[in-house]
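Going by the order they are written in, the chains are A, B, C and D; count residues from 1 in each one.
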Amino acid sequence: MDKKVGVGLIGAGFIGSIHADSFKKINHADILAVMSPPPGEAQKFAEKHQIPRHFTGLDDMLALEEIDMVIIGVPNHLHCEICVKAAEAGKHVVVEKPLCVNLQEADRMIEACKKAGVKLMYAEELCFTPKYVRMKGLLDEGALGTPILFKQSEKHDGPHAPHFWDVELSGGGVTMDMGCHAFQFFRWLNGNNPVKSVYAQMSTTVHTDKTMGDDNGIIILEFENGVTAIAEESWTKPGGMDDRAEIHGSEGVAYADVLQGNSIQTYSKKGVGYAVEKAGSTVGWSYTMYEENWNYGFPQEMEHFVDCVLHDREPLVTGEDGKAALEIIFAAYESAGTGKKVMLPFQTAAARPYDLWKRRNS
Amino acid sequence: MDKKVGVGLIGAGFIGSIHADSFKKINHADILAVMSPPPGEAQKFAEKHQIPRHFTGLDDMLALEEIDMVIIGVPNHLHCEICVKAAEAGKHVVVEKPLCVNLQEADRMIEACKKAGVKLMYAEELCFTPKYVRMKGLLDEGALGTPILFKQSEKHDGPHAPHFWDVELSGGGVTMDMGCHAFQFFRWLNGNNPVKSVYAQMSTTVHTDKTMGDDNGIIILEFENGVTAIAEESWTKPGGMDDRAEIHGSEGVAYADVLQGNSIQTYSKKGVGYAVEKAGSTVGWSYTMYEENWNYGFPQEMEHFVDCVLHDREPLVTGEDGKAALEIIFAAYESAGTGKKVMLPFQTAAARPYDLWKRRNS
Amino acid sequence: MDKKVGVGLIGAGFIGSIHADSFKKINHADILAVMSPPPGEAQKFAEKHQIPRHFTGLDDMLALEEIDMVIIGVPNHLHCEICVKAAEAGKHVVVEKPLCVNLQEADRMIEACKKAGVKLMYAEELCFTPKYVRMKGLLDEGALGTPILFKQSEKHDGPHAPHFWDVELSGGGVTMDMGCHAFQFFRWLNGNNPVKSVYAQMSTTVHTDKTMGDDNGIIILEFENGVTAIAEESWTKPGGMDDRAEIHGSEGVAYADVLQGNSIQTYSKKGVGYAVEKAGSTVGWSYTMYEENWNYGFPQEMEHFVDCVLHDREPLVTGEDGKAALEIIFAAYESAGTGKKVMLPFQTAAARPYDLWKRRNS
Amino acid sequence: MDKKVGVGLIGAGFIGSIHADSFKKINHADILAVMSPPPGEAQKFAEKHQIPRHFTGLDDMLALEEIDMVIIGVPNHLHCEICVKAAEAGKHVVVEKPLCVNLQEADRMIEACKKAGVKLMYAEELCFTPKYVRMKGLLDEGALGTPILFKQSEKHDGPHAPHFWDVELSGGGVTMDMGCHAFQFFRWLNGNNPVKSVYAQMSTTVHTDKTMGDDNGIIILEFENGVTAIAEESWTKPGGMDDRAEIHGSEGVAYADVLQGNSIQTYSKKGVGYAVEKAGSTVGWSYTMYEENWNYGFPQEMEHFVDCVLHDREPLVTGEDGKAALEIIFAAYESAGTGKKVMLPFQTAAARPYDLWKRRNS
């Protein structure tokens, strides 16, 4: 019988819950501990998800020998520091998106893991979303011909946690928070063919009262092999989270809608207990989803990372991919700040992507 | 660590493949053997699905002590005999739909299992289909008010295996083969409230050359609590399998489409390798599904049955449910033969449902 | 230049408004007068729709020589009397559905018009609904093969005017009020091939407090040429009017959704001024329709009737069609009352369809 | 009785047929003549559409006193010359999109019409498309809040007539041919608020063998009032023409799909006679449209122009709008050629938009 991978969760927020839920079905791994600094938070999380141990201090959790792999689900500005510590403690690392807040941090994370001989795995779940996996399959089998255009959009009416709205912590607005999904998704669809250029149009519209960051973004990528990709991101769309993608090729098209497209069309005079992430009021018509975590591919993603650790395999999505996505993010903010398409590779010592948009003189 | 449930598959056809695939993800069970009489068939199946042992004789497989539970996926007319043998061998039994071909067989199967102290579990996967489970949840939480009308339809252009088309073996046509899904689905939605009456309209239209059985059926059920249900079944619908349901209540409605509704809308000049069950040609537009088995609930259903065996729990769907569905099927064929609504309970010694439609004088 | 047809509207209610609106685009006809008994009602209507003359008395309007054709849009129980008077006054007659309340009245109306040498035209707009006309075209051109199954459903949460809820006046509930649409629609789709039998399941569910009539009905028709048709009618469906149909043939299928299927999918925090007939609250998600009258075919229908009068042509939908639809309605209520399929032709002296369902002993 | 407007069609191609069909329902206008140079072409068109007179020479048709208004539906490079002649002959002018091939021509056309005291009306039918008119209505009534993002896309697999593919004649590729629709559509949605900047990404992908022009284009507009708009244009999308738009606002969203969204979902083993413009093969699944001209708003658009001539009203869409759309087109090609967002107003003496993309050194 295979050894089981011991997992430690770092962070006890929204994404941590999704990870905890994902591991329930995974045979070859167990979540052994969760860590979060605020007093009582890790304990409450551990009770809720039946995790044996909980910690307020990271070092204490990293000291557990039985933990082989940690999953970092904390605010962006803490990713680097925690990743380096975990690597130094000999743990394999899964980092939630975006990888971190700047390219120097990205290099430090990649280097630390390489030096420690542990894997750095980047948690972009769209590469595991079953509907998107099938759609990529259509492209790969030649059913759509040569790819011409990719589209992906993710829209809802804004994240809950305050750190997202503070560009000092997050590094940027919606393009940072959700554009990273699209960028890695497009790289994956296109067989990792290099991105040639990035153009972005960003704006702060509805949420001017709570953030300086972009709450709407449109980003166009050009790939070396001729493919164009359009990403649309929004923190201002009411009515429930929306995630859809398209592939247009020389011989066909494929349209995939992950949430609304899979929903139970519902009318309810009193409203539904839970319809979908960020649904808001469900009185009247709504789109009731089910098994959102499975439909997004979170359990499948975690199963893959566990398998990589167990059998020493190369992850589908690595720290290098995370850095590539971050480079595109920086180029996007640069483009938004200059009104020009930005060519890749794009090097910058900017502390955060947002600075290239709005703090060009500092 | 929990003991693992040892499973034996009886039958190596289409549904057997679905079951084999479903068990790959199940922790607490292993398929230890497969049995099918035609020489070489079980062996080929075992190789394909990596099942350790294969048999052409049922008794040989039933002799294995390590087998706790068998899954019967064979032509209808063989269900009873095999179930009784398996029960006598002390194995828990899962029977694919329909339970068997007549009510006397149903009683024998239920009795044999009761006597042997083994579970008789009826494999109606619609009670595990994630989208339908969520839809039932909407009803149960009160979001739709008091139920008024249920609808469910399953349509494709006809099964492959010859036994389906021979009413002597199958017992009936599409109403027997697919109506059973709808009937148990409606009973489950309605909290097992009793069915009061059954009316059916059947016809043989396109497939008059290959069967005497009905290839189209419309069945109306009335429940004691006032709910009406319409089932539509067809073996003559081209363009890919179609499975959808609706709940209409006093305070809301819910519409769920399991296959086309979850699909990737695809256009392909050359066609797609595999779009969906019974898609036919996929040149041009088609509806590409993914993870059909999961979306239908087959792994979830098998996981439940394994859990019932492991922990001695009552299955969600039992042999009694299978018999109730069969009773409704008989009443449907009686109704089609008389042009009248048939009240339940309906007792008949007819050898097969079809006889009540077309052999009323014998 | 062609003479213009002079039109008189009888009735100033909801359907009268739709007719008035329809005539705005019709070249060869003018609405010259409107008549409605309640004091002030016809005048208000005339002002709103810019109709030159208004009357409270029918005879006064029928006395106008310049009126060639009248359109009867009044409660069912008044159709016959008004039709006979109009025919006797030498006016061509358009009668809104259902034709009248019993078969004797139907015969009187047909006879009166024949004797007077005027046309009796039955206003079933589904025969002019552009989307349904195109769908029939698919069938007629052979794209779907031999027809097997027709489906049509019309559902909303109940009519406004009180007379609909009083079976003494209306003759029946939703099967009378909306089933007539489906029945003539099916006859038209099937090239007027005769209906062989009728089966119906009716219930009064949500509106038991306001009516004795059926508020939900499911009716199955069998045609001589083997086609089956399912009509679903409901006065209890919230969320806006819904009208959809399907044709299943030996070689294809066609699905048409007239309202929701053509809508602008809308989310509005404050709600929409007008989304669709009977939408109810439009806060949150709703389905905003546009040009409902044109999309339903009302102007096209009226244009056709005007053309028939102008050029002495046979109308697409006649009083005989209206009587045939009414016969099916009577058979449906008989079936609901007996639990048996009712064969056609069906003769009855019942004063109203409802009586065959619930007053079988009187 | 109102005078009737006498109309002359210039051009006997695809768009000419749509116009001829549109006038059948218009009361206050008659098409009196059609003109097209190739011998026999105008005559054949006149016979087909029952137009009394036909010409091969423009001057001959312009000499008819009874013609009040001409409609120019000819290759782009001929628009200016014909417009000026028609104005000099005292005829009101309707010009199909795009207005002409460069800004100097646009000025000449506007000047000629002003000097002659005739109207210059720009035929952008999307401003009359019923579904889009209703969607604009949702925005205007405040149901969606403050506008944030507009989207519109028009895609098919390429026009038939050779002149479209020759940039010397057309002026550009798909962005010229179909982007003009989106640009005027966005201006109209936004209450003619000025466009601030234009960014475009263009490529020639599938049709490199037949054109130097762009066969795919993505254009982002920024408006002075903060709205962003994305236009997607394609000449490489198989499966039938596709036209859809979205409005995202601070308080709501609206999604409208004009063709596929209104279609009859059809499966046909043999194929459908006609499904929709550029459907290609209709064997298998397809989307059957109906009344395309009405659904696009062509008759409504022509009715409006006739009304403007009859009653001396200002058209909804003028030559100035056509010039504004053309200015955006030029800015788009400039942007594609430089990789930068281009600010408006944008002045250029370029002979055609294409030159700013690919002939930057000439």
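In this section, contacts are C-beta pairs under 8 Å (C-beta built on N, C-alpha and C of every residue); 3 or more make two chains touch, one makes a residue touch a chain.
Please read all numbers here as calculations on a predicted model, not as lab measurements.
Ranking every chain by how far its Cα centroid lies from the centroid of chain D, the top place goes to B.
By number of C-beta pairs in contact, C-D leads over the other of B-D and C-D. Centroids built from CA atoms put chain D at 39 Å from chain C. Look at where the CA atoms of chain B average out and do the same for chain D: the two points lie 55 Å apart.
The set of chain A residues touching two or more other chains comprises 238-239, 251-253, 267, 269. Interface residues of chain D, counted against chain C in their complex, comprise 25, 27, 130-131, 133-135, 138, 141-145, 251-256, 261-262, 264-273, 288-291, 294.
Chain A meets chain D in the complex at residues 146, 148-149, 155, 197, 199, 201, 203, 205-206, 216, 218, 220, 222, 226, 228, 230, 232, 234, 236-239, 248, 250-253, 339-341.
By the touch criterion given at the top, residues 238-239, 267, 269, 280-287 of chain A touch chain C in their complex.
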